[in-house]
Amino acid sequence: MSKTINVAMIGQGFMGRSHSNAWGQVKRFFKPELMPVLHTVYGMEFENPKAFADVWDWQNASTNWEETIKDPAIGLIDIVTPNFMHAPPAQAAIAAGKAVACEKPISATLEEAREMSQAAEKAGVESFVWFCYRRTPAVALAYKLVRDGMIGDIRHIRATYLQEWADDSVPFAWRFKKAYAGSGAHGDLNAHIVDMTRFISGLEVTEICGAITETFVKERVVPDGNMTDEELRYSKDIKTGAVKAAVEVDDTTLFLCRFDNGAIGSYEAARQATGNYNRNAFEINGTKGSLKFNFEDMNYLEFFDATRPRPIQGWTKILCTNAVHPYVGNYWPDGHLIGYEHGFTSMAYDILLQLNGQTPTVPLASFTDAYNTQRVLEAALISANEKKWVNMSDVK
Amino acid sequence: MSKTINVAMIGQGFMGRSHSNAWGQVKRFFKPELMPVLHTVYGMEFENPKAFADVWDWQNASTNWEETIKDPAIGLIDIVTPNFMHAPPAQAAIAAGKAVACEKPISATLEEAREMSQAAEKAGVESFVWFCYRRTPAVALAYKLVRDGMIGDIRHIRATYLQEWADDSVPFAWRFKKAYAGSGAHGDLNAHIVDMTRFISGLEVTEICGAITETFVKERVVPDGNMTDEELRYSKDIKTGAVKAAVEVDDTTLFLCRFDNGAIGSYEAARQATGNYNRNAFEINGTKGSLKFNFEDMNYLEFFDATRPRPIQGWTKILCTNAVHPYVGNYWPDGHLIGYEHGFTSMAYDILLQLNGQTPTVPLASFTDAYNTQRVLEAALISANEKKWVNMSDVK
Amino acid sequence: MSKTINVAMIGQGFMGRSHSNAWGQVKRFFKPELMPVLHTVYGMEFENPKAFADVWDWQNASTNWEETIKDPAIGLIDIVTPNFMHAPPAQAAIAAGKAVACEKPISATLEEAREMSQAAEKAGVESFVWFCYRRTPAVALAYKLVRDGMIGDIRHIRATYLQEWADDSVPFAWRFKKAYAGSGAHGDLNAHIVDMTRFISGLEVTEICGAITETFVKERVVPDGNMTDEELRYSKDIKTGAVKAAVEVDDTTLFLCRFDNGAIGSYEAARQATGNYNRNAFEINGTKGSLKFNFEDMNYLEFFDATRPRPIQGWTKILCTNAVHPYVGNYWPDGHLIGYEHGFTSMAYDILLQLNGQTPTVPLASFTDAYNTQRVLEAALISANEKKWVNMSDVK
Amino acid sequence: MSKTINVAMIGQGFMGRSHSNAWGQVKRFFKPELMPVLHTVYGMEFENPKAFADVWDWQNASTNWEETIKDPAIGLIDIVTPNFMHAPPAQAAIAAGKAVACEKPISATLEEAREMSQAAEKAGVESFVWFCYRRTPAVALAYKLVRDGMIGDIRHIRATYLQEWADDSVPFAWRFKKAYAGSGAHGDLNAHIVDMTRFISGLEVTEICGAITETFVKERVVPDGNMTDEELRYSKDIKTGAVKAAVEVDDTTLFLCRFDNGAIGSYEAARQATGNYNRNAFEINGTKGSLKFNFEDMNYLEFFDATRPRPIQGWTKILCTNAVHPYVGNYWPDGHLIGYEHGFTSMAYDILLQLNGQTPTVPLASFTDAYNTQRVLEAALISANEKKWVNMSDVK
């Protein structure tokens, strides 16, 4: 007789698919004591949540998120709407005293993030933000190696999240509009690498020491079409209006920073870094060793152990597909690679563990944790826009 | 109103999990016109097929495979039992006029393979062997590039499938016994690379020009225990009997060969190639270019295009995670890696296409195709054991 | 009857060996019309220039550099003294109307660099700075590919020069003293990558948008010993004095910048980036393609050609060891790697070409060119120290 | 007062350049107690040995090798003529009681090799064969790691030497004629990898278990021209004669073998392995670890240490450019790559050490050692040609 928890997912889209897959697959690969039930998926009329529910085996489809969240049968609210629509359902879930999980970035504005963090803490509800890369086995291993002192004191963190999809020919879409997307590469990509490196290192940024934010392609073509404002705002490409529309978000954002232990960091997010499909990557240098990771080779962690005899020192490419590596033993036999989606499945399992009073394999990001990542992003923007150094204690 | 086909799976174990996952996931990522229904899973009493069915959402569990195969509701029989138990259910399925899919290697002996091939052809039923690596996007791309003449005439094929798990400390188990396992590294691993390179190149072996088969660890420790003979034969490790048992299968098998177009090949399977977890790898050199693949980096295909201007010639590492690459567009957005299991899901889709009269993305291996791979393996063993060259036309 | 030019080298040390090797080897691998004669090497008494001359086949040894420079037999002055001793012999050479080559960075202060640049231009003498990496075949190929439009308009430049030798245990030495070394990682390493990326891209920095300079190890142990001040200043480790001495130069310096075409850049030099022996590396992203280089794999250039059909796009790893690659044909047959020292030999050849009125394979850096690299370094330091954005037009 | 030894080099060509460079450079990077003097270079009239001597600083040029070898001033004879011209000067040198070094393969026929080995042993002269790759720092490190037991007992050796230069468009030349070249890829390339793996492993081949030798391009175009027979035989491309000439040597040779400790080996040499410029590569798997090397990345050795804790096991890519690595400390500071030519310089140093009664860094190959490598090559050819297993004790 296993315990169960009913899950309601608010939203669909790419992340809706990733989360549905995770909630469906978790029981096949893990044996959670608290078993998730795919109870209800919410979508807007035009999104046809019923069809989505059929594909992903949600028991119910809803077009009214307020009601869904209030439904006493539901134990966990999982939010996958566009960034600007994270706060309202999250606050509703907190108000209803329910556990709540939310896609990253936690919100479109820092103010919303702060309010979400404060509300969750005050209400004492469990909150989670889907920084799924923490559960890539190689990243979770990096976390453990740092905890075990394997790289000593950290001196350098350099992280990049480089993509190339936004070349000049890509048409205008909701994601180029600030009101809907919040930001561009910065919120989309830097959010991941700031969380990932804070998580692994345990360090906090104290100062932003310069930043650049840039939009290379200032205008993009707007194809003809007749969409409702609702369609446009929520998930579809913008097809109405003028021949060209102004891009309102960044193509790239870089910043330099200092950490609380004296280490130095550099971060870069880009959407026009030709040749980089999904280079979510970091290198961390410590006094005893170093770590390197690139999501394009997500099953590998590179480790340099400076305590080994010098003639055999080098970068060791660890293929993290052994049962001894975090999460891996639950999937396939040694040496069989897993992919992008498994980070979500592993995270679903860890959420279930935590809701059941058990300890997740590696820590999960709460709303407060995600708010602190958001503060770093905000500080970087202030630095870039006002051309000044920014002390993190001034960013609330 | 989609058409459906009821699937019965004969067997459980590692491959049972892989196939169950494929049949369950195919509807989420593809839109097959012919939709699979996970109707019945068969297992032996001690395997508890009911519990397996619960985890993987099979509608029924059976402990009588003969009845299951005869059940008129079932349209497709999928066989994942140990190698020596492939032929009986396969022949029963053919006799019942049903489509049949079987794990690789197709059988424990060449004779069985020949009979299965002949029976399927005579009965006119669709037959499939799960050479799942054909559907790794990088491998499917290799197939297409060869078809498009991108590497010209093939001169060299070198393939290795190297593992390291069978070190001296590994205890005795069913897989070291010839009666149950058929062979060791040769049938387990060379089967894959012979199929994969025949598939990609379109070439057939004409002569084996030397071979070595070796068992480095002659005896292995047998732990105490009291298992039934049935448990022992089908899926469990051997725990009864003497303190040490003789290993009856090969740790490694290598062979050299010639192909029908004059090309030269070398193959090696090993289980004690320290440092290699799952190096299922090939390199093919042609007059216009070359291809390289290693399953430990399964999302990449390396392509050398010798028709490019010389100063920029080099090995191009193609990250096969774009919607234009085979199968990829059905999973996640560009740049998001897939893993081992997706080869099975993609193959489930292609089986459904073929059963529905449609054309699979890349060709599927029939029993006859698998029989021809098995002939190459048999010829290599004859060469090694009798220390002689073997002409393929002498191996039936 | 070949023409000859007598060379005098001012200084010895590591760079003295590199240059001596280059002047000696150039005739063996190239066929310069203007042939160099290793006429005189200058060193201080304690350096024993006679012994050095014997090893490297210099015809004469001198301990008086002023006289050597004035010697009418000498046509080219080559300066390899410590940074703070570049300007005096360079100015003497210019005053004597002689061609002058100088190690990088051109000088210890920006003021000196400006004066050297102006003096050389005014006197109309040929001046060269040994940015040897320009002549790495892979780097020279990158230069040519950018000129040929192969990567389109440049959007991103990211460059790092990471080393690891300066860990906490390394004792104090002259190179940690500002008066002798000028700067630390910044002048030593960023000088190379600023020159290299300016050279390849043809772009100029317009603004520094933040920077960090840091000394992690504030004090280092000073071993006992009794060295003259002269020894200490010029080339030997500091062994006298107190138990610990304060480090006066940077361990690491990073900066962000904008280029004149709108591109964005990031630069980092470090001496404690554990695991990186000599990672002199860049990545340049353009609208049509990208380039990547790492000196630890110096025979390779990686090129991503975004104009290729999408299914076969990828990073092409070009092994630049073919006769068609710059300089390579002069050394060994195709496929035989060259090393660090050959950049110097190739540069010696290009200097001889230019002095003979011929065109070097790729452009050489003049004093003015090096001064402009030095301006960028100075601007970065101002940014880091004064915590502000710096417009390049304000740095003279 | 250093001791000196006068060297005479018999032959010129590519290897003549490599050796001249080594004899010239050795004094600059090492400090041999026994110092080499580049006394005389021999070449045929048409080769113009005087011009060669000028470039490489040989004191004398000779066109009579018999006289040169007899010259009492000469202490060491170094032979770099084509393979079929190794034995005569080597035997003359031995007869004169002089130390003799010879390029690889030691001779064109096994009989010559046996006679050279026997003659050198009987005369008690020092003999050396230029298997220069033993002195690549990464290879020498591999040798040391095996000696230190770091990989345990060896189970697998797989070695390839792949090139691509001999595509169908390459015209006929002396190297395609058996009388002059001895053999094709087999003698040229397999000689290196057989020596290298024998050297590193310390194992000897006991049986050849199959082999293939093939000439893909049976005929090649012969350009017009009028060369003397002498020119043609010794070093120049064949330009006279018929429109097409039959290729008499192999394009590729592969073989399988067993070693005296029970390990298994596979070897392949190829000249049409498109995309491989100089892939002189091996992988050795032992019970405790593995080693990998590829000359296209010659500064790296890959080491898998199976005794490390499992979660951090992986292939460590050792950049062998540290002063602790064999030979490296004599060249440039840590992290500065060396190239192909340095293997020769390091070998010249080791020859001088041995002639001076000192111990070389790693063992040198004597004529007897090279003869044993030649026996393996001969056995492989017998296996391929006669289609049978060959016991090494039958090959003398």
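Going by the order they are written in, the chains are A, B, C and D; count residues from 1 in each one.
Definition applied: a contact is a pair of C-beta atoms (placed from the backbone, for glycine too) under 8 Å apart; a residue touches a chain by one contact, two chains touch by 3 or more.
Since the structure is predicted, the reported quantities are computational estimates derived from the model, not experimental observations.
If you compare A-D with A-B, the chain pair joined by more contacting C-beta pairs is A-B.
In summary, the interface at A-C recurs among the listed pairs B-C, B-D or C-D; the equivalent pair, sharing over half of its contacts by residue number, is B-D. Averaged C-alpha coordinates give centres for chain B and chain D that are 42 Å from one another. Computed centre separation for the pair chain A/chain D is 55 angstrom, with centres defined by C-alpha atoms.
Averaged C-alpha coordinates give centres for chain A and chain B that are 36 Å from one another. Multi-chain contact residues of chain B (touching two or more other chains) are listed as 315, 319, 322. Across the interface of their complex, chain D is touched by residues 141, 144-145, 150, 300, 303, 305, 310-319, 322, 324-325 of chain A. Chain D contributes residues 14, 17-18, 20-21, 24, 27-28, 55-56, 163, 165, 277-278, 295-299, 319, 321-322, 331-342 to its touches with chain C in the complex.
For chain A in complex with chain C, the touching residues are 151, 155-156, 158, 160, 164, 167-168, 208-212, 214, 216, 252, 254-256, 258, 262, 264, 266, 268, 270, 272-276, 283, 285-290, 292, 304, 306, 315, 383-384, 387-389.
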